[in-house]
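Structures are listed in the sections that come next.
One chain, subunit A, appears in both complexes that follow, with subunit B as partner in the first and subunit C in the second.
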Partner chain A sequence: MASTFKTFLNDDIATTRTLLHEAIPITGSIIYGTYGAPGAELQIKTFAHGMFQSVYDYPFLSSSANHIFDVTHAHNSVFQTQGVTGTKSDGATYDGASQLGAISTHPFFKKRKNIYGQMGQVLVGHDVVGEIQKFDQDGDLLSAIGSKYNCLIFMNFARLLGKDEIKKGSFELKIGTEQTHSATAGVMNDNLLTIKDDGAATNYKVNSPAGEYGILKITGDSNVSGGGISTQPEYDAKCGLIFYQAGVVALTPDLFMGFVASVYNKGKITNASGGGTDGVDAKMNATQNILALLNDNAKTMDDVALAFRQRIEKVCFNNTTELNSTIYFCRASHNDFNYSSNPTYLLNSKIRVKGKRDHDPISYITSVGLYSSDNELLAVAKLSEPLRKDPTNDMTLRVRLDY
Partner chain B sequence: MAFLDNSGDIILDAVLTDTGRMRLAKGDGTFKIVKFSLADDEIDYSLFNRSHPSGSAYYDLEIMQTPVLEAFTNNTSTMKHKLISIPRTNLVYLPTIKLSETFANHKRVAQASPAPTGVFVVAVDETTLGEITGEGNICPNTGVLDGEAASEGNYIRVDQGIDSLGNPSPAMSLESDLIETQYIVQIDDRFGKIVSQADGAKEATVSFKDDDNIASYYLSLNTDTEFVFNNSNKLVTDAQAISGPRGTYLQFRVQSSLDLNTSTFLFQELGGSATMEIGSPVKKYYYIDSNVRVTGATTGRSIDIPVRFTKFYT
Partner chain C sequence: MSLYKFEQNDVFKNRIKTHPRISFVISDKKTYYNRDILPINTFAIADETIQQTEQGDLSLYELNINRDASTHSPPTQESLIYPFITKQGSLTSFKTISTETFQTYSYGDVIRGQYPLSSSIDVEYQAASSTDRPHIKALKNTFNYYRPLSPHYAYESSNAVGTWDKASQEIKLVSIPSIFYGSSIKKGSVDMKFYITGSLIGRLQDSNQNGELIQTIGPAATSAQGRVDFNNSFESSYDNKRIILENTSGISKTFIFDATGTEGSTGTVDGSGFIIIQIDGYEGDNAAIGTEFATGVESVSGFQISTNDDAFGSITLTQVIGGSSGNTTIQDPDSIASLGIVQFAGGAADNNGKVAGTVLYNEGFVALTGSWDLSSTYTDEYLFSGVNIAPKWTLWGQKFLAADPGAAEFCPSSSWTIDCEGTNYVPVITMLAHAKMGDLNHSNNPTYVKPSSDQDVEVCVDIEHDVDYYENDKRELANVVKSPYPNTSGSFEKTTYISKVGIYDENKNLIAIAKLATPVKKTISREYTFKMKVDF
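What follows is the complex of A and B.
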């Protein structure tokens, strides 16, 4: 009996799962500058509510533009009185509440708390009594002990880039912490910190409702005033969290004022030489001082986002796409598919490729069709060149459909 | 569609068809792949040169160099010519499917311009039929089908067998595994449907309709006895489309859809209007050109029959 179809047997269909990674390099020139003056950049979409900014890779009104990530920041009510503690660069101590005590009167106070609550609910969840948990430096959410992040800057990567998840251990952010604001390219990228999730490929947290996350640290690749920081307290300091499936990076603004109450003065966005006396108020009037901006009633959340974006030199990571595949093994045995229904196959019903009765029939495969039981063509595959099929050979064509 | 890069390793470019995606989206379990088929849509076998001076390795040199197009996602645009599995390797002849035009009542229109030469004209309503035939509803005009009643007059016939210019002779029987026992008839469901040639226009059952409105009818020997018949005529002298051993034949009419019968909307959107000499004298008609595709389910052979749906331009 002649036939044009062959039914798959059970062992002709296999399913597999493959993780596909793409490298995503984002240069600072996209994030800041290139498409307009600061605050009026065409690739930055701002909103009337002012709660976040969207960064595109091209002027966002263009249909060619792709959404890259959003920038926002947030704090909880603790931050209002906590302020900054530790030792100032001049040897005095921060007095916390007095520095940031007025923050509750800030016009964006509620919006920042709103963002913190929203991100907290999604990324770290609730405790047993239903309170939104705080972001924790080392992921120990349940413990009241340990350092909590009461104020965070968020980078929310678009799914277009992050795909199913950011590959663990691949994230790198280079950000300048130079205090001086300058429109000159590169100035604000001085005192460059390199932030990574080193070791996260094998060491990550799973106690987030949003999936897996890792700890971000300042690495030895950092370059502060032309020197490394491997001997400084900032080295290997925790500075944020990265939520892989959610595609969210949370960074502490402490990045910009030195860590662990250090007297180490480099790598801070503010320092005594800026004209003030400590890391917080030294640059209160400078538009680009991130921590100061948080407490400046005249500054919006967009100002903070701008100040943050201006200092990014580079962000890169690998994304992950989870491909679930079904592989169909189309097996054409030696006596299958040796004839063709192609109109050119016959001349007056005589097979062109056969000169004599004992010549082998020959056909040439260019397409593979996958059909339902009612003969509807559900998928099709094309070979890049014809394959000769005759009774002397058999072949297995492996068609993979990804979902 | 671009050509696939054939400069290196052989690659396989696979896509879901539009129908596949539609069924996947439905989520009702109809997206289930159970079988496969192979095809050679791009191959021109006339390039096979058995007398190549460099020897047998060069017979199919030109065929093997044929560039292959990327996969189409339209399910009706690909896998047109399937490869056939027949265990025997000693066949010299294969049966074909051929439009039978041996008698006037199943011939295409053949008048001179501005007639729509080479098509079957389906008069979608009685008014149109009257304008073509003059009086009455019977279709004396060759190639004109009564699309409203579809119960008498002209029809379409497709024959299957080895059309070998009489060698082998039609007196010989077609081997049983080469006899086509099931035909698939595909027609755009917006325009018409398939009805039997006899028995007062019995409607064939639609097997399924795809996302492009193409309705498929599966008509089988011994089951659809009003459509598929054994061709037992073995006489050389009789007028038959197949000049060698004969298998089966399919007869049907095309009945116009209600949309074409009652409205000019589809004519204006998908067709046009022109003066045509279908009957006499020349008159103006709306028309839509389409194809009815007949495929042998067993042998894979297929034929596209050109059909022009016509409505009198009032």
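What follows is the complex of A and C.
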């Protein structure tokens, strides 16, 4: 029980915030291929509503399994006439009407629209008349319609991995866009695009109700047709958005179509071998690109999620946890705390550690108690070893309280 | 949205006391926690589970499930999830980074940790000759702190309870991390067992709830045996001579031989209280004399000494009650010629009821000091020293060794268990939110007002280039009152459906939401109290 109290002054209390990160590497082998045949993968949880798939890092029936992310896709009502983005990066327009003319009859048409609306409400909000806004390529929500994402593939990362937020500038996705289908993941990962949020550490958007978000781009690390991408038209192209606090990545299906008309069919998400006799991708037709896949009434949203997952080579990012601390500077000046009320401090009514009467009193500080304003003991800080305190020295003990 | 302030009796703060069960099984260098066997990692790291830990270990965050750790070399090659922090002015670091190591980093450097952070039960054996036992010595004050509970906690003792010094006696320290049990181990819940080839040979329990681990099951007591050899076949050598036997309870009986046939048959008690052994007619037959003596001993009711006759004049006597008492109680006061006597020997009491160790409940330690043999027949190489020794409590859980046996089996016939309960406190806040009569009968939900083509349009007024938006105050409320008749609605009554309750702090920040399983109908005349509970 303390007998001497000192009151903290304003300069004696400081607050700090430390960022603790975790590096989260997710290899393609976790997402696809290790735990069973496509459609019956034990680490993939599918649902009767068929609106999304949940990806785990181990067969999900095991209590050891952790939820990694959900994957789904969605489009809005103008997707049918305007295609994925309305205009392509080279200014050409999609022949959306011819490819998507019958999409309104697709069994999942309404569900996809609902998902787009739901994600839009949370991530980009409403406009002044209450309509849900469209996802925008460069984050300028008030811009013309041509820069909107009408169709997106979503990866919703679990809070277990995303924690407080995904660290800006740390996201990386490597995804294959190879047209040739194969049961071998290496072949599927050819024409590998590397997607990052480069520069987002200092350049990010704040006009989302869900927090901050960055622009995803195809980077020079990509390996297309056996060479670098820096000379390709895809280089530095915007391909999606990443919402850091929400832990959501939104990717455009353009990734699987080529970004300019000349390479329109370079990357397909479908099985080019026709029929998929190897069983890996049997639900895909021979000539479908992503638009045809979305438009095919026989293909479910799970089919699209499967086709997307099997092309992922790696996803990695760093998460962030904020550690809030209060630092109390406990100052013992030269004439403070030189005595003790400990019973062992006295021997025969004399200070035990004081040899002669004219010697200075000595005490040894072993712990610091933090008290409330009405002298309730709230916390105790212990020293690793006692500190000698006498009138010749003063000290400041730095006590940090983490929350 | 209406805000109400909690009154004095609306918020309760409680603490739930829980007792999680803990069970460890130790066998052949492996530990199993709560009888759970995790799958082995498929990436060829021997005996490592999918959590990158050994069986029985607890992984703190349970990340990195079934990943290949061999290819992990951050930051260039990452295959495992790991934490990192940047050294900065707050001087925050990981617990696993020593102060000395922390000082070697420059400000701005990345300090990397690693997962998994695991926790497991540990056992540490100290032979009587060993003095290098810092973990035992560090607990000296703790042991002595518990002395009011039981004298067996004393670090040193030399009194009627016993003489020992934990700094030098043979001892086994079992360490249970607090993540398994919470605040403390529950008194009276500790149950330790010792098995040989699946058979229980010993059990310890703290049945007195005072920290003493008392043996409740152990080897049975053994009975003392003696022998009387009747080598002389002459009746006259025995006539009127006595043999005195005393049993374990201290009861003596005197047997007197009669070769005349006048004192009565064998088993008859004479006037002096002696039991007659009638040997008349057995001249030259020492085996028959011995048999008659055995018959006389067996005739004494409740004497608790049994006999075994080898039919050649040798009678084996067994004390029915086990123990060492009465080991020297075959007397031949009249010195019968050629009578052979082997005194009672070999009896031993059991160790049930003895204290074999103590439990430090708050700290999660068990100190085992019982060094008596738990088997008279089984031995094994418990200390990996090339010498087989009998099992005893100080060898409980002998899993970790100074000399690693490597892949070889280690005492595969022995296995050990410890079961106990922890004590964990869960702080709980219970809040009562009242929806009183006449309150909460209006909603700002858009569907609360009646949809109407002209009235639900918001009115925009331009006042000197400013744009203001107004809601039409003539809008009608939707009537949701159910009528028993078709194609009509009931008489209007203000009705809402409460679907959730929000909890706000003193600054009106929303800090929690409680949702109802189904919305409840609230009218002016109804009132509700919602009970909300928050566990921490």
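As a working rule, the second predicted complex is superposed on the first by the 267 of 403 C-alpha atoms of A that agree within 3 Å, B and C clash if a C-alpha of one lies under 4 Å from a C-alpha of the other, contacts with A are read in each partner's own complex, and residues count from 1 in each chain.
To be clear about the criterion, contacts are C-beta pairs under 8 Å (C-beta built on N, C-alpha and C of every residue); 3 or more make two chains touch, one makes a residue touch a chain.
Worth saying up front: this structure is predicted, and the values here are computed from it rather than measured.
Enquirer: In the overlay, work out which of subunit B or subunit C sits against more residues of subunit A.
Expert: The partner making contact with more of subunit A's residues is B.
Enquirer: What is the contact status of A:77 with respect to subunit B (first) and subunit C (second): first, second, both, or neither?
Expert: In the superposition, A:77 contacts neither subunit B nor subunit C.
Enquirer: Taking the superposition on A as described, I'd like to know which of subunit B and subunit C A:207 touches: first, second, both or neither.
Expert: A:207 sits against neither subunit B nor subunit C.
Enquirer: Is A:24 touching the first partner subunit B, the second partner subunit C, both, or neither of them?
Expert: A:24 sits against subunit C, while subunit B stays out of touch.
Enquirer: Look at A:361 in the shared chain and tell me whether it touches subunit B only, subunit C only, both, or neither; answer first, second, both or neither.
Expert: first
Enquirer: Looking at A:16 after the superposition, I want to know if it touches subunit B, subunit C, both of them or none. Which is it: first, second, both, neither?
Expert: In the superposed model, A:16 contacts subunit C only, not subunit B.
Enquirer: Taking the superposition on A as described, I'd like to know which of subunit B and subunit C A:325 touches: first, second, both or neither.
Expert: Once the two structures are laid over each other on A, A:325 reaches subunit C alone.
Enquirer: On subunit A, what residues does subunit B touch that subunit C touches as well?
Expert: Residues 400 of subunit A touch both subunit B and subunit C.
Enquirer: So in the complex, the part of subunit A that touches subunit C is made up of which residues?
Expert: Contacts found on subunit A: 16-25, 27, 30, 57-58, 62, 64-66, 161, 316, 318, 323, 325, 327, 400, 402.
Enquirer: Subunit B touches which residues of subunit A in the complex?
Expert: So the residues of subunit A touching subunit B come out as 1-8, 13, 326, 328, 330, 332, 335-358, 360-389, 391, 397-401.
Enquirer: Name, in rising order, each residue of subunit B that touches subunit A in their complex.
Expert: 4-6, 10-17, 19-20, 23, 30-46, 48, 50, 60, 63-64, 66-73, 75, 78-79, 81-87, 89-96, 162-165, 177-178, 184, 207-208, 210, 216, 244, 296-302
Enquirer: Which of the residues in subunit C come into contact with subunit A in the complex?
Expert: 38-39, 50-51, 62-63, 65-67, 74-75, 78-86, 88-92
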